[in-house]
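Two complexes come next, and they have one chain in common, chain A, joined by chain B in the first and chain C in the second.
What follows is the complex of A and B.
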């Protein structure tokens, strides 16, 4: 039973990540590969606040989200300056730099050894330590995140985002000239990724740079593109598929190394086939030109 | 001199020149546009109309000369600077928000320039819901008035060249602004739709007498009945007709 709760927890965390990445990919039109850097920032900042400053979980969580949101703003500025393929390359470079910093700033991040003994989610004396309680809490947070994003993406504000995404020149011609909406959305998406990182760090109690590398970036992008970008259930379905692939391989009877290898072969193949036959994803979302 | 001309001009060009390599598109162009004016720029293909519209809206920086908007020097400002001061424009090659529906394109136009805050979008208080409802009704009424009701849910990317052109005029007709710049607003439209497009532009301008409208076109017949001032542009040189 604990195994099912464990998979449910992972599904919830990756749903938060995929839904927030969809804000960037589907609604801002930015194919960014640095989302797992924001995931990492949330995890490391929250862990450091709890371990070094002994701050309680809610305060650490809030500070980690706000700090990641602020740190993401220069990234948003750079992504706005870049166009098309340059966004992909630039954001991937940023991810590599972030992972390298996590490996080398040993005093702050523990280097390759990572950070251990991260306290679980707690509110005063109440600690969520069982698999079930942590999974239920994460599912609740994922559901709230999903609802907030739906509220936003079906609002009048989303039309401004979509206009900037589809044709920035036509947008400014129609007097859609404010960029604050773009920066707010970017910061919101980064903050949500940080929230996923906070939950993950407290659940695993141990984090190291390998969790947040390029493999994770590809998996997150696959979730959004497979399910269908800018579709309400697209990233959720994508997260379910990408989370399920290794579990299915494991159920067939593979060992840990076998699961890892087969997982990437299967995911690569699935992505390859979708790029050719279903470029808008399963639910038919936003299509990159 | 009309009373509007006693006021300072909304837009003004002083000896503006622009060249691309050895081709001179604009040659020492000077004129002003005042509130309430309906100005047409008429010229053939390659005469410099689009370059002039681009200079007037900040999409092209002139090589020489000065551009003023609302009395402020605007030479090197981004198009967003012009948009923030009330400039709204359409393009020679019609541009559409391809993955948005026709209705959403019009609702967007009716909301500009102020977007709702993220907080109001999330909470959706009564004043937000009231404005959104009003905007949707207004957009649907505009679609029905031009027999486009059945196109409300069609993505703008699926419209033909002429339909995209007409959509851009429809958007303009719903948007708030002080100066509208239309580059070839009737190109690709049949006579009925061209006439409807002109009516929409008239409606936009007469809704507020402080608004000015500038149209760049090759079609002198289209502009002669409505525009109160016509400038002919030929080889980048502008002359009053």
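What follows is the complex of A and C.
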């Protein structure tokens, strides 16, 4: 039973990540690969606040989200100037720099050994220790995140987002304030990714840079593109499929290294087939041109 | 060690590292300038060359035959990639989609190698030979091989770039539609480009595999290094990537000498990030038919 709760927890965390990344990929039209950097920042910042400053979980969580949101603003500013492959390449470089910094700033991040003994989610005396309680809490947060994004995507704000995505020159000509919209969207998406990181760090109680590397970024991108970008259930379906693949491989008897390798093949195949045959994803979302 | 000898050693190591990056940067640049695919799958070509060389060396115990096997394996992968790229081109996929497809193919190649050969390091069984004393410097066979290879490839490419084939490659890179409209065979140029990059990547992969061993997850950094050198080399198909690769290799060597080894990758990725953010059109150099009106 614990195994099912564990998978449910992972599904919830990756749903938050996929839904937030969909804001950037599907609604803003930016194929960014640096989302797992925001995920990492949330996890590391909250773990550091709790371990070094001994702050309670809610305060650490809030600080981590705010700090990641602020850090994302220069990224938003740079992304506003870039299009197409420059966005993909720049965001990938940012991810690589972030992961390398996590490896090299040993005094702050523990280097390759990572951070251990991260306290679980707690609100005063109430601690969420069991698999079940942590999974239920994460599912609740994922549901709220999904509703928040849906509310945003059916608002007037979404029309500005889509205008910037579909024709940035015309949108700016019609006085859509692109900088403000980019800042807001990046702050929201990165804040949600940081929240997922906070939940993950407290659940796993141990984090290291390898969790947030390029394969994670590819998996997140695959979730959004596979399900269908800018569709309400697209990222959720994508997260469900991508989370299920390694579990199915494990269930049919593969060892840990075999599961990792099969995961690489499947992720790669998904991205390649997506690019060739189904640029709109399973649910028929936004198509990149 | 005497200070001047130390710097001489640093310069030698820098040039050898730079030679590897420069060769791969030329391969990357040729694919990128002609197909507009940000060629992350260059890592898969290197991987194929390295695995073929390592396993073949166990069978034949010959360094040259193992290297040739690596080159052929890499050319085979290169031809598969050409088919994949032409599928994307037929569907008029955007550059971002082609990059995503390229990343996907690289991940598939890594996963397939990890399944077939296991995740650990595999080593060849051919001795590379003994080192040579050249003046005050000790030159290893690998250093010698890279130097000879760089000079050879450099001369061949220099001749090629000035030949009708080279002109064709430059023309496809600049304006492929016009090149086709004028009745030239674009497919022939792309085949030559893919075979050439297969030879270069296979050669580098074979030497890296026979020198350091091969493991499936280890070739992304060198591919990114090559990409950075190719992009910093500008629109040039030959001289720019070669110079940028050599400069990056020397910087890497100096950084190893003066800073911590761990920060070098960060610095290279940082250069890529800054270059893309501040000079995207200069770095990514869109072809003439992609320029906005």
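In this text, the second predicted complex is superposed on the first by the 287 of 289 C-alpha atoms of A that agree within 3 Å, B and C clash if a C-alpha of one lies under 4 Å from a C-alpha of the other, contacts with A are read in each partner's own complex, and residues count from 1 in each chain.
Basically, a contact is a pair of C-beta atoms (placed from the backbone, for glycine too) under 8 Å apart; a residue touches a chain by one contact, two chains touch by 3 or more.
Remember, predicted model here, so these are calculated numbers, not experimental data.
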{"item": "Which superposed partner A:176 touches (first chain B, second chain C, both, neither)", "value": "first"}
{"item": "Chain touching more of chain A, residue-wise (chain B, chain C)", "value": "C"}
{"item": "Which of chain B and chain C A:264 touches, first, second, both or neither", "value": "second"}
{"item": "Which superposed partner A:156 touches (first chain B, second chain C, both, neither)", "value": "first"}
{"item": "Touching partner for A:252 - first (chain B), second (chain C), both, neither", "value": "neither"}
{"item": "Which of chain B and chain C A:4 touches, first, second, both or neither", "value": "neither"}
{"item": "Footprint overlap on chain A, comparing chain B with chain C", "value": "none"}
{"item": "Parts of chain A lying in touch with chain B, wherever the complex brings them together", "value": "148, 151-152, 155-160, 162-163, 165-167, 169-179, 181, 184-185, 188, 230, 286-287"}
{"item": "Parts of chain B lying in touch with chain A, wherever the complex brings them together", "value": "57, 59, 79-80, 83-84, 86-91, 95-100, 104, 107-109, 111-113, 115-118, 121-122, 124, 128, 131-132, 135, 168, 171-172, 175-177"}
{"item": "Touch list for chain A against partner chain C, complex", "value": "31, 78, 81-82, 84-90, 93-94, 96-97, 100-101, 103-104, 214-215, 218, 221, 225, 257-258, 260-272, 274-276, 279, 288-289"}
{"item": "Residue numbers on chain C that touch chain A, as the complex places them", "value": "36, 38, 84, 87-88, 91, 93-101, 103-112, 114-115, 118-119, 216, 220, 224, 260, 262-263, 265-266, 269-270, 272-273, 276-277, 280, 283-284"}
